[in-house]
Amino acid sequence: MIASTSPQKLEAGAKSLKKTALITAIKTPYLAGGKFDLRAYDELLDSQIQNGVGGVIVGGTTGEGHLMSWDEHIMLIAHTIHSFGDRIMVIGNTGSNSTSEALHASEQGFAIGMHAALQINPYYGKTSTTGLRAHFSAVLAEGPAIVYNVPGRTGQDIPDDIVMELAAHPNFLGMKECTGNDRIASYTARGVNCWSGNDDEAHGARHGAGAAGVISVTSNLIPGLFDKLMNGPADPELAASLNELIQWLFCEPNPIALNTALAMNTYPTAGRCA
Amino acid sequence: MIASTSPQKLEAGAKSLKKTALITAIKTPYLAGGKFDLRAYDELLDSQIQNGVGGVIVGGTTGEGHLMSWDEHIMLIAHTIHSFGDRIMVIGNTGSNSTSEALHASEQGFAIGMHAALQINPYYGKTSTTGLRAHFSAVLAEGPAIVYNVPGRTGQDIPDDIVMELAAHPNFLGMKECTGNDRIASYTARGVNCWSGNDDEAHGARHGAGAAGVISVTSNLIPGLFDKLMNGPADPELAASLNELIQWLFCEPNPIALNTALAMNTYPTAGRCA
Amino acid sequence: MIASTSPQKLEAGAKSLKKTALITAIKTPYLAGGKFDLRAYDELLDSQIQNGVGGVIVGGTTGEGHLMSWDEHIMLIAHTIHSFGDRIMVIGNTGSNSTSEALHASEQGFAIGMHAALQINPYYGKTSTTGLRAHFSAVLAEGPAIVYNVPGRTGQDIPDDIVMELAAHPNFLGMKECTGNDRIASYTARGVNCWSGNDDEAHGARHGAGAAGVISVTSNLIPGLFDKLMNGPADPELAASLNELIQWLFCEPNPIALNTALAMNTYPTAGRCA
Amino acid sequence: MIASTSPQKLEAGAKSLKKTALITAIKTPYLAGGKFDLRAYDELLDSQIQNGVGGVIVGGTTGEGHLMSWDEHIMLIAHTIHSFGDRIMVIGNTGSNSTSEALHASEQGFAIGMHAALQINPYYGKTSTTGLRAHFSAVLAEGPAIVYNVPGRTGQDIPDDIVMELAAHPNFLGMKECTGNDRIASYTARGVNCWSGNDDEAHGARHGAGAAGVISVTSNLIPGLFDKLMNGPADPELAASLNELIQWLFCEPNPIALNTALAMNTYPTAGRCA
């Protein structure tokens, strides 16, 4: 069990996290009135653990963290740590486009025992390269973090030279990179740890481009198959067989289709009506 | 004095707002400790009014509203209405990528007397076209609004057919459109009111593409010249002479250069250090 | 119109407020879902003004301000100023048992144009006399204020020597004193402005003990009679005739009976169900 | 380790908590800038556990919870559970004078693993006996709770008949009673579990009036002696010897003297400057 926030424990956790091949950007189920459905959430988490998932991002865009108040968000991270933190790595999405909010949330997240943070660049407001450096060096000082690059959402790519600088930071665990396997291969060739943020490219990222694995949406639905895809040997046939599901899951901006799939299969009101 | 939220007054204000050619996305000056510098803000507002500006967007991206807590944001709108609401149109940026936050903030903004809202599509989280319709029809029901399209920040363009639907809503005042004058011309040809969101294209938008005017960043610095550019006759020479300043103002993501310019000229600590 | 927060205007307002004999601790009507019923509120305010009420406390205990979030509370003050601030004095209950919350709320209240604040001593947490001095000198620095002493709610009486010190502060407007007319007479004899906080003693306070008037609950229901009681000559017969209603209104902790009375007479869901 | 919020675990915890004789209303140490000093807090907790303390109230009035934002408060409970929840019973002070805030905070507290809640009656705002019933039956439904009666702070005594009703609720763990040992003896004679809330009467409560023990302020400073006093046999000599310290600790409203004592002995900035 990861017992506390002692530097030794955090470092051991970070080391183990770097090699975790399958991390799920976990969905947040909701009750009809808008509250979290923690019973459904706990079932989902338990099933993830039993099917080989090694870590979860709590309150990512898949989990609709951008629609939560911070107190809800921190509570969900605390709940996850409390109930599952000795069985799975818990990465809180305590990033924000406001540096001060990211600092506050990350500080709180580490105080309640999360193993690592997911840190995004300032989306929507955007910033200069000087601003990117200032933002990331501030938030990385709070604790171990995965840096998230998704220009299709943020409107701003984190450039190569900034990534290479961040990679030298002792709290840098790796990139969640959504711009494709060429970029990932270029990073891993220079020793930068990476996870693919694209499910349809995950097999190639892991078995071709040197990625540690994937931070996946699809593994909410089929954790066991993604475990095989990431933790087993290269298996292009399996990868190909998953393609149709993955295409469907991204037919609308995520997590719309995922919410639909979970609502059809398991939870009556999977998406937040807000 | 704009006395209240009575439907008649709101409607009269909306009618007048639709023809307001020069609206400034007003900067928020800060004190060193992070609080608003309301004295500097009031000087800036007063100077805007005296130099022909007809409206202000309060807490837009230029005003760094995305870095404010909602209570600060609403307070700033209330302060602006209270101190200047009888001399200038006050448009609160009460939009959000969370529909429920946008609803709450817009309801509060109209309760405290703002003349109109600026409404953005759900950036970063993004949504389907069904989601766009649901989001905008919810927030437009709160009161008169300008709809803001800036795919370079949001990661998602508001498509033509959605705009044409929104334009039929009685509370729709027009688009703040950042994708260029061709799009604006196409909208205005079909009777859709527009403001350009790009200062370097404002002259062409106003005098060529049928736009009502501009929602401007540069007018924080040179309101009188922008008044001439928008409320005077076409003046390509004047437009050309402003180009160098405008280019410089957008050398980094706005409002970085504007903060610098204002800090150099007027206010010691213009940008929020957060 | 009270145009802004300029020191001259605030001072003029403060001077006029000191002599305002009838101030209502205004009730907040609610819709069934828990939101403010601003339509009912506006009707209530309008009727208050038409019946001779000179000022309102917004979000006092009668208005259930302690059950509002601060953003709701500030919004209600802003709404009141915006819609009625040129016809009635608006005193925001921006006090708190947390000094930092009282400071933040009072600063916001003055920035949006409230004429004065109501400041309470730190209830529940309580403090030392040194703490009382520190709390009140901090909040009085924000702007004109009425200091509120109600030991039956706070668990701690503001002692005589602290009141005499506060009375020397330029922003001190007077005491809202709930401990009876002997105390009030003792204060007014030494030049300390006072309002009675007890409706059943209001006539004696005003016409016998030297009080400026009353901050009243009952005037929500019968503003005209309280206007006569406070702004007319001494009228013991009138005072006696109101006694039964007043006794009934305080049969349970206020505002329970007032909510009931208003719900029976005017508003379907007067009390906050929370 | 208390692993989760399963009903069985909660019930087992509740059963054990009922017999916990020494519970500390734990102090919250602060850094100079106003943030929690979690390092000092952890040292204090560790020392409490090593000296025989069986439970802690997190964010009570002694811990200045009424000066925390809810997100800070919940975070502190989560931190305490995460770091010490397998070694000590953690009771979150998630009560409030607002029923809806108490419900929200208590729900969050149980979701993050707290063993029980401390629930206060609505102070300052006060309520009717009908209101007391409604408030307590709502919050007791959230999970195991100690009910706190301290009329010197709340301005309203929880009367005998309400207590007898609450005592029948399956989630009722007992009273924290501050009105003296006669009342406690009267309750315990009728089977109502009680802790004294007065350190100077703790020995009599435990060894004479049938109380389970004490919820103590003084045990922040001398946990070992209070362990002996509560968990050992009656020892009037020891009790008498502690009297002088206890008197001093309550020379000003708690936690002023405690903050001073801890600042003098251990922590440079023990009290919150806010």
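Observations, loosely collected:
Letters A, B, C and D mark the chains as written, and numbering starts fresh at 1 in each.
Note that a contact is a pair of C-beta atoms (placed from the backbone, for glycine too) under 8 Å apart; a residue touches a chain by one contact, two chains touch by 3 or more.
Treat the numbers as computed from the prediction; the structure is a model and nothing was measured.
Shared contact partners of chain B and chain C do not exist in this assembly. Separating the CA-averaged centres of chain C and chain D is a span of 34 Å. The distance from the centre of chain A to the centre of chain C, each centre being the mean of the chain's C-alpha atoms, comes to 51 Å.
Averaged C-alpha coordinates give centres for chain A and chain D that are 38 Å from one another.
Listed for chain D are no residues, as none touches two or more other chains. By the definition of touch given earlier, these chain pairs are in contact: A-B, A-D, B-C, C-D. Touching chain B in their complex are the following residues of chain A: 61, 64, 66-67, 97-100, 123-128, 131, 151-156, 252-253, 256, 274. Chain B contributes residues 1, 3-5, 38, 70-71, 74-75, 78-79, 81-83, 85, 108, 111-113 to its touches with chain C in the complex.
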